[in-house]
Amino acid sequence: MNHIILINCKDRAGIIRAVTSFIFESGGNVVYLDQHVDKDAGIFFMRIEFESSDNFETMRFKANFESKIGLPYQMDWSMYSPETIPNMAIFVSKYNHCLYDILSRYKSGELKVNIPFILSNHNDLRYISEQFEIPFYHIPVTKENKAQAEYEQLELLNRHKVDFIVLARYMQIVTENIISKFTNKIINIHHSFLPAFAGAKPYHAAFKRGVKIIGATSHYVTEELDAGPIIEQDVVPVSHSHSIKDFISKGRDLEKIVLSRAVNLHVERKTMVYNNKTVIFS
Amino acid sequence: MNHIILINCKDRAGIIRAVTSFIFESGGNVVYLDQHVDKDAGIFFMRIEFESSDNFETMRFKANFESKIGLPYQMDWSMYSPETIPNMAIFVSKYNHCLYDILSRYKSGELKVNIPFILSNHNDLRYISEQFEIPFYHIPVTKENKAQAEYEQLELLNRHKVDFIVLARYMQIVTENIISKFTNKIINIHHSFLPAFAGAKPYHAAFKRGVKIIGATSHYVTEELDAGPIIEQDVVPVSHSHSIKDFISKGRDLEKIVLSRAVNLHVERKTMVYNNKTVIFS
Amino acid sequence: MNHIILINCKDRAGIIRAVTSFIFESGGNVVYLDQHVDKDAGIFFMRIEFESSDNFETMRFKANFESKIGLPYQMDWSMYSPETIPNMAIFVSKYNHCLYDILSRYKSGELKVNIPFILSNHNDLRYISEQFEIPFYHIPVTKENKAQAEYEQLELLNRHKVDFIVLARYMQIVTENIISKFTNKIINIHHSFLPAFAGAKPYHAAFKRGVKIIGATSHYVTEELDAGPIIEQDVVPVSHSHSIKDFISKGRDLEKIVLSRAVNLHVERKTMVYNNKTVIFS
Amino acid sequence: MNHIILINCKDRAGIIRAVTSFIFESGGNVVYLDQHVDKDAGIFFMRIEFESSDNFETMRFKANFESKIGLPYQMDWSMYSPETIPNMAIFVSKYNHCLYDILSRYKSGELKVNIPFILSNHNDLRYISEQFEIPFYHIPVTKENKAQAEYEQLELLNRHKVDFIVLARYMQIVTENIISKFTNKIINIHHSFLPAFAGAKPYHAAFKRGVKIIGATSHYVTEELDAGPIIEQDVVPVSHSHSIKDFISKGRDLEKIVLSRAVNLHVERKTMVYNNKTVIFS
């Protein structure tokens, strides 16, 4: 059996020793350890993977870990089994490239999630859900029906026990209520190298500014638009010879790769969030 | 003999034919041609290199070109000999990496310019000017002496017939007066991927925002700070494990490479500016 | 109407003038021109796009171009309409990522081709052809049936008037006979930065060598394995912490992007081949 | 006081716990830990930095560490103080860009080494040694004087207590004898993305093959030419429009950056070598 523990706490001497000793004494064998100390903030972060025998009692381990390590060190910690497959909802609008990329990875077993449904404010991409045989819900959002739409979205998320949400070019703002229920559990892809060109039409803005690189940024969604903790970014060179249409075309490839990398990092429990930034374990 | 012509004008049919025919009939042989049409703006850009016999009469060619091509097509055009070596002034403050990089390229013949002097508002880098045997002028700039400092700077620029200025991490704002006298002839290096993190302390801002890439941007200086036409940009990946000091260290390598690329493009007459953007010929 | 002309010929003075004059006099308006001279080989290459009125007589233009320009300059030239959609066959084996990527681009209209069929030596990916409703032909290849398999492949290629073939991770060698019938018309993706790690299992070889970057290369297929003209390459950084499985996973993203870029360049008539190298127009 | 320990040993359970416990009990506070397990080879690697009080007895610590940890776990380990500045010799021939880059970093305090001398088989770069006031030794190497040249080189290396050697485009093969005395202590820069284009004239070979990226590789020198453990690699895109001269020019920038990164990693004790590969700690 394999286990993953994510830890953050106030930095102090002896944490690694304490944790690795506890795991060792509990019969575990550490196979991966990555840690980070933010010296300015005085915070310690660690991701540990360890193996155990198959009759390892996870519940008992967790109780003991909390009393002997978690509490004394005032840790914020969580423990996962890599075998647990999370439920991932996908929100889309009209662009299909990110959706296709995610679903093809899902279908080929590259992306280890369940996808209970695809939700959209438009019907344009329903055909893809049919291609991949995944339920599709059309919930249009207008000024008038916002509360009702949110209610329907939440009902779906609850009913399907959704663990996290991927906004695969969902061109609609997610409500504060949903954001607060899914803190650091909504992943968005923005089509610029943030913080440059936040907001609408970033390729148009990039073209107007005459930049020589364009980018894409995946981040956790917070209430402030395009300002959440960044998970992954990448860029591609452009030149004066490229039109806005070329920017959009080159950007599509970036967006889908950068989003999928972020989703994978989240699924593999390799992300931690603090101070509106991320620690991304290797 | 080799000649370079840079052209921009309102786009219309037949420009390439007209120019290449004129060169052909004048005894020239086009060895390079790159053109670009900005369809939104309706502007045509072209860079042509052609060879001629050694008894080619450049003055007569220019006069004829103006009357037969330039005027009819209402061109903004200029003609250069690649053998003409421009005079390049360097402005620095306290950081030495860009200065060292430029001077070592200069010394080894990689960068084809004359460097009549290095100007600084501090004395810290005088030792490098001595290492490379280039005159160094120390002109401190304070609130009180601004006018006098500008006067001294202009006197130096005029006396040495400076063609263009490189701000190799010059941490002082160049005056409007100098900018207006050297339009599109002052090259700055800014240590971020503009338009993100314009202004002071971009590495600190990038660190605070938690970006996963940092960049550097070389651009022509305009009155608006860090908002001039971008010549060249590049980026390097960073992670949570990098401190601000690491950002600065990685950034140094970017800055010097990105600045030197821009300087070379300018020297080789491969840049054109319009609408606060650049066309960079290959 | 838009037209594309691709030209290569021995380099000499006046070619651009001659071609642009001819187009001008035939009522065309050049909207794009990119040219390249290989000085060592003494060869001139050009790609021109021009607009014409809708009653432009293409046949007559081509005949005149050949007699007045093509013959005198001993050109190898061809002319295309961007509206002509080529027929592209896809050959696959068991890996699905490149196939999914191509088909999703095709389905969304990003890739302007017809796909008459998918051919495979295995049945594993038949389900994808069904998802996208494209005919699937299973032609196993063994030592014994090679001639018969080639016969069936050629029959399919001829019957469907296939213009070019994409090997989207086809793990089987295409026969010399087919290669000779589709010279510079078969595009392969190899999962290394060629010429490093040609042949089988490049990720394993890269892992063993301890490289810090891995790559992917799309190229036209020639008789010599993995040695044809390179169209596009890209790389991604790796470290000691990545396993062969990680290399393969990172490589998948590279492969599909690099292959799709090459296919697009081919479809847009932006590639020319000479001396086992490519000219890629912008 | 700060201390760095590098460890490698056969992988087994409890190593991290044992080491961190020992450091904790010795009064140290771990501020950085990075570890790697090569599962195929069954080898464990770790780099630890810890702080101690200023009256920490390093000698006693080392003796105890060896008896209580090193011996029982059969570790290959070493301990360093970051304050110890190593002696680095530079070997060059005629190209100056890597030398200039290293010396400017050295002069500005970015590179924390002593440089007792520069050695060359030519006199071309003597002027740079004078610019930077570093002793320069000219030891020509011919077929006839090989033994004598090696003797002089070794005498210099011994007399100046050289810790490691940087071949900054030294176009001469270092003798087996010197390599064996400086195992994993000679850093070379090769101007290709190895293993592609090993040996002489890699830019010419890359041009001939028509690659779309060129690269540079820094590696430890072993007896087999260009086949030692790779420390760092990077690449830059090229196109058909670039000549061999352009490749060389673009390559210069890569070479100097890639070499300097490798030198810094070595100086900061972030490299470990096994099975002709490197582990590079973050």
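So that you can tell them apart, the chains are marked A, B, C and D in the order they are listed, and the count of residues begins at 1 in each.
We adopt the following convention: a residue touches a chain if its C-beta (ideal position, glycine included) is under 8 Å from a C-beta of that chain, and two chains touch if they have at least 3 such contacts.
Source: prediction; values computed, not measured.
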{"item": "Most distant chain from subunit A by Cα centroid", "value": "B"}
{"item": "Cα superposition of subunit C on its sequence copy subunit D - rotation in ° rounded to nearest 5", "value": "180"}
{"item": "Chain centre separation in whole Å, for subunit B relative to subunit A (CA means)", "value": "41"}
{"item": "Whole-Å gap between the CA centroids of subunit B and subunit D", "value": "36"}
{"item": "Multi-partner residues of subunit A (each touching 2 or more other chains)", "value": "239, 241, 282"}
{"item": "In the complex with subunit C, residue positions of subunit D that touch it", "value": "36, 38-39, 193-197, 209-213, 215, 229-235, 239-241, 243, 275-280"}
{"item": "Residue ranges of subunit A touching subunit C (in the complex, touch as defined)", "value": "96-97, 100-101, 104-105, 107-108, 110, 131-132, 239, 241, 249, 252-253, 257, 260, 282"}
{"item": "Complex contacts: residues of subunit C adjacent to subunit B", "value": "13-14, 16-17, 20-21, 23-24, 29-35, 37, 237, 282"}
